[in-house]
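Below are the structure tokens for one structure; questions will follow.
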């Protein structure tokens, strides 16, 4: 998480709009794919060069260019130039440390989101940046990896499932954002399960290792929050967009995503509260445990220290110690000790220490 | 509470408006009942098929369709189509994990609320989703279960108690929401009693189990808050609704519910503060208890350790230890020990440890 | 405080506007008194029946009806009907758990406030609900008890002190609210003294009982806050009222009360902070105390445990222990022990434990 | 700080606008001084009676009446009447517990501020109330004491330093407020030094007395905050004043004071954070210290308790204990003990307790 | 950090606009340099006297005057007069304790920012004040030191890299602010690394010194926050500036800086959360450690205290103690002790203390 600041350094001292990829390179080659469709037609193809995009511009329908891999600044620049993107927009696409945002420019709307995955084996939240360009009849998407949350949307286009084939590019944008937000719920489920497991473990046996786990969870939450909170603003931005790229009929769908977004944000906050609660519970458990340990120590010590003292007394070597000569001295002393122990025991019982 | 995220997974990768019931199935069969009334007429009947709703549309007066059981997506869809509901609205009705919300569409107003019950035996807050559709002369309600907080409203309609029979569908909607909000007060009462009982128990004997109870209460509070906070916004939304479905005369009643809503929200916050206060009190009590235990240990140890040392001295086997030969050595030592004990005792008294 | 939720239950499942008294019955019989005045005339009388109010309606001047005791729903209803009050308004007057609020209706302004008393003997904040109806030339006030914070206002009317006899009903309303807010300062004084006393006690001897007192104070604060915060909103509401019942000339007076209200709210917050600070101080004191206890234990134990060990060594019964035969063995051992004790003492001094 | 509520009691039950001095009497006699000036003329005189003010009203230039001592309600009333002040304004001037505020009336602007001093010897923040009346060509100031933060302003008027002699009454008001805000920086400096000294002391030797000092500082902060926060609102109020008493040319100066105000507020918040940080540091230090003490106890106890046990074994008086007869039994036991001690020591080292 | 208040004192009691340098003198002589450029021309020169600035006013293009060293109030005043700056603006430039701000005056826009450096050796955040004056065709910058974050911008101007040579003075202002904000990322990187290192260290071995480091980090965070938060407002101010000095085409660049600013602010907040998390982790670790220590003490003590007691019993010198005469008494006692030790051991195991 701190890492996300580290790599910015190489960009510093460059003029704005300088196209440098910031972040890890996650796949080998950039893959360009195109889908174009309207109510009747559907075409899919892999593109070899970014220049192929251009030729599609006059298509009557929607066309969607998907770019997997953004580490090659040259390719992104060519695509950007084809679609007339501002150099700052291209810079943001390349910078995977970009904060989620939405910006309306003259001819297009630019949106950056974070795709989040939950790696159950490492118990870690992974992040990928996804950028969207919405034009009058096209959507361009930029992803860091090839594995794809957009597949269900592609499937719907192919099978003409739902209304997607009848609607415009703005509906496609909605469908893609919706796919990403839907995926957040999977993440929430994974985190929720981890929190529940942690809670069970905590109640059974609060080992010190849990502290580290809670600390990590808290960090994940800080990270998650940063990715999720801007969503509200972004979808609001799309809803209030004045560029007329987003049609009235799509608004109800965007409001629906907005609703889901609020639910994700609220869940994040709930989880934060819960993790904080777990930490409190852990600390209290430790303190309870310690209390119990202290009690045992105190009981043992307060029971035996006086008894040992009595034994010590009669272990002294004074020449004249009358009790030592008594016939039943030894047994009397045992009696005294037993009485002291019982008295102490009753005292502890009353104090509710036992 | 975490559970509410779990079941979303099955909906992911579906086009928006896909009608899938999300949540537990709480009753066996869907039950449809209809009440229609105006100042003079009152009719009640059970409907067998959702198509029966349609025939009521021209009735001069108010008619109210109540649907108990929302697990059958097919039936909900038929009802929805009869009333011209948007597919996203139907989706929300079916999704019991929906956040409480209010949306004004062209011909109708859509509202989702949470009905909350307090299960005293399990000390748990249970939740049921209730959705409302308000049209020009009808209200459709969707519940998960059959047992019914709406019965008092039905009774009022039947007996023409109050003004309900003279008013329109918007007043009916108000009366139903009011019934739900009224029920929250019962919940608050249950929780309040539990908090008070907990406090009494805490002051008497702060057992470690209380920590778990407090932790659970805190979780209930997080849950409650999520259900209750959106209410404010929802009723405000109804008050500011521009669809003219809500008449001027009903506004004063809605403002009254709004007032109650604020009271519920404030009580939730008060309870949160109180539970947090209980936790502080618990931790302080534990720490006080520990302090007391420590003091006893210290007093016993500091009293007897030096005495035992003295006894140890005269238990040594040196050949030449003059005190051992003294006639009253033994009694002198007893005197020394008693003096040391008394000095210590006075010291403790001064330090206010006794 | 939790109690305030408890009694709502009996109202649930009643149609809105059902007149049921919610709360404790605080006096035996309802008392109705009337004062009417203008610059020249002053009349006071006790009324026997609520119907007597009606006859005053055409009086040229201000008339003020005060109702002490609101447990008799019938009487309140008759009064309400006389003045044309909405049934929801009457319901709020009867419901002593009502949140403080202000509502402008067509012909009158309705305000609910909490009168707060500080019971010094029980160290408890008591609350009474006071409702106001402001009409064009009348004010109706509803109180739960007879003892009366309004007496100074009455006195001013009687003696024509200040400008009250020359002003309208709105000024009377102001004067009455002002009397209530002024009374809050007395409450604040009582609480402030308690906090100061607590602080002194805490610094002198932090007994565990203080924890309970702090906890109670915190609860009082939560309660106080709920009564005091809405005031701001209420007086703002009166200032922005569009019903023209409140004249321009009265506004400066209302702004003055507003100012006092802010001061009360700020003081409440200050007290909250101070009580929280006291709790921190208490916990730190306890922890300090414990630290001190621990130190004494450690010093005693670390001093004597090694010495006792040495004594133990020479208490062993080995046949061949050369030291035992030495002539000055015993004294040498004493020397060794003293040296060890001194070394330990110096060590503690350096560690700043002594 | 709590005291500020205490003295309100005597005002309760008085009609609004009753002129009673609330607060301590800080000087013996009320002193009235007048300065009148314009670009060319400068006159200064002490006034004997408040009626002398009146005669100055037609002066072409600015005249400034300063009143030191506000405990004589009669004098304040005469001055107030001369300048046509509302009785509520006069009441606020006399009430030294008044919250800082700004109010625009018809012909004049009324402002109340708190002058704050830091008493280094008592380590206490002292407060004095200063009220301002700004009219078209005059400023009236009311102070509680004679010693004077306004002296530099007077000096500037006398020496015609800066632009003050060329500007109007609004600039004079600005200059006076500026003098007060400037003085806050001195206070901040004093508090800052105290915090720094406390921190140094804390790091060197965290004595329990520091807790009390931190607690006092926290209270000072609460007090300071109440005096400083309203400033923002006040100066904003002056900037947005519509009475035309404040000219366009003075606005840039007021914005400058506003800036300083923000800086003072931010510093207050920073100090609050720092004091809270100090408390955390103190508590952690205490806990660290305790940990260290515990470790020493544990090490000593765990080292010697087993050794003492061994010594105890061979102190038993059984007739048949073969080891006692061994020639080197005593030395062997010493060896065993040394080995046990070394093993323990290594264990502690590994656990990083040493 | 507290220091920043200290030096204000010397300015107090001065008329507004009095030019006094507040802060440390960081370089010896004031250095004035000038760059003027347009698409075709580029001139750079060192100026000897502030009067040289004036002659550049009619240049068709952009000219940028950079002032390194602001301790000489005379020079700043001459420059200020040349550019027609208000005396309050000059005062702010000279006052290095000025809060970051932006102000639009008639002919120019005035902006104050903090340049922040991270001194890795001292682990300290250093601060320098940078002020900007933007006029129609010029930018004047004032720095405290000579070493220069503006070098990359100069380089871009010299090499006509990017669009800077083709744009106006507003773009230059943007480029300079961007250089400063970019530099914040370097600071963030340094701090991030420190936090990560601290976390690693904490998990390995939580030494008490870490507490001090965390405390220092928290203070740095408070300081950082104060410098960074106003940035948002400042850039917003520039974006909404109505002086027409900032052209439409530059806005998208300013929005980009705004974005970076938000990212810096968010990172600051994240770091705050993380440092707070570290403190929690530290305290919990210490408490865990202590728990562990306590357990060892308890185990050792509870094991050996009873055994020592038994040994003490048979060390008593009673004449009649039958066990002492038994042939295998010694070995039986060893058996009893071993049994007691094993029983205790099993008890501890069950309690999960081992």
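In this document, chain identifiers A, B, C, D and E correspond to the written order of the chains, with residue numbering beginning at 1 in each.
By definition in this document, a residue touches a chain if its C-beta (ideal position, glycine included) is under 8 Å from a C-beta of that chain, and two chains touch if they have at least 3 such contacts.
In this text, all values refer to a predicted model and were calculated from it rather than measured experimentally.
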item	value
Contact distance in steps, from chain A to chain C	2
Set of chains whose contacts include both chain E and chain D	none
Equivalent interface positions on chain B and chain C, same or different at half	different
Approximate Å spacing (C-alpha centroids) for the pair chain B, chain D	42
Approximate Å spacing (C-alpha centroids) for the pair chain A, chain E	26
Chain A residues counted as touching two or more neighbouring chains	287, 290, 294, 297, 301, 305, 308, 312, 315-317, 321
Overall pattern in which the protein chains touch one another (line/ring/star/complete/other)	ring
Residue ranges of chain E in contact with chain D within the complex	1-2, 5-6, 8-9, 11-18, 86, 88, 97, 99, 101, 103, 105, 205, 208, 211-212, 215, 218-219, 222, 226, 279, 282-283, 286-287, 289-290, 292-294, 296-297, 300-301, 304-305, 307-308, 311-312, 314-317, 321, 323-330, 333
Touching residues (chain side chain D, partner chain E) in the complex	151-152, 156, 161-164, 175, 178-179, 182-183, 185-186, 188-189, 192-193, 195-196, 203, 252-253, 255-256, 259, 262-263, 266-267, 270, 273-274, 277, 280-281, 284-285, 287-288, 290-292, 294-295, 297-298, 301-302, 305-306, 308-309, 312-313, 315-321, 351-353
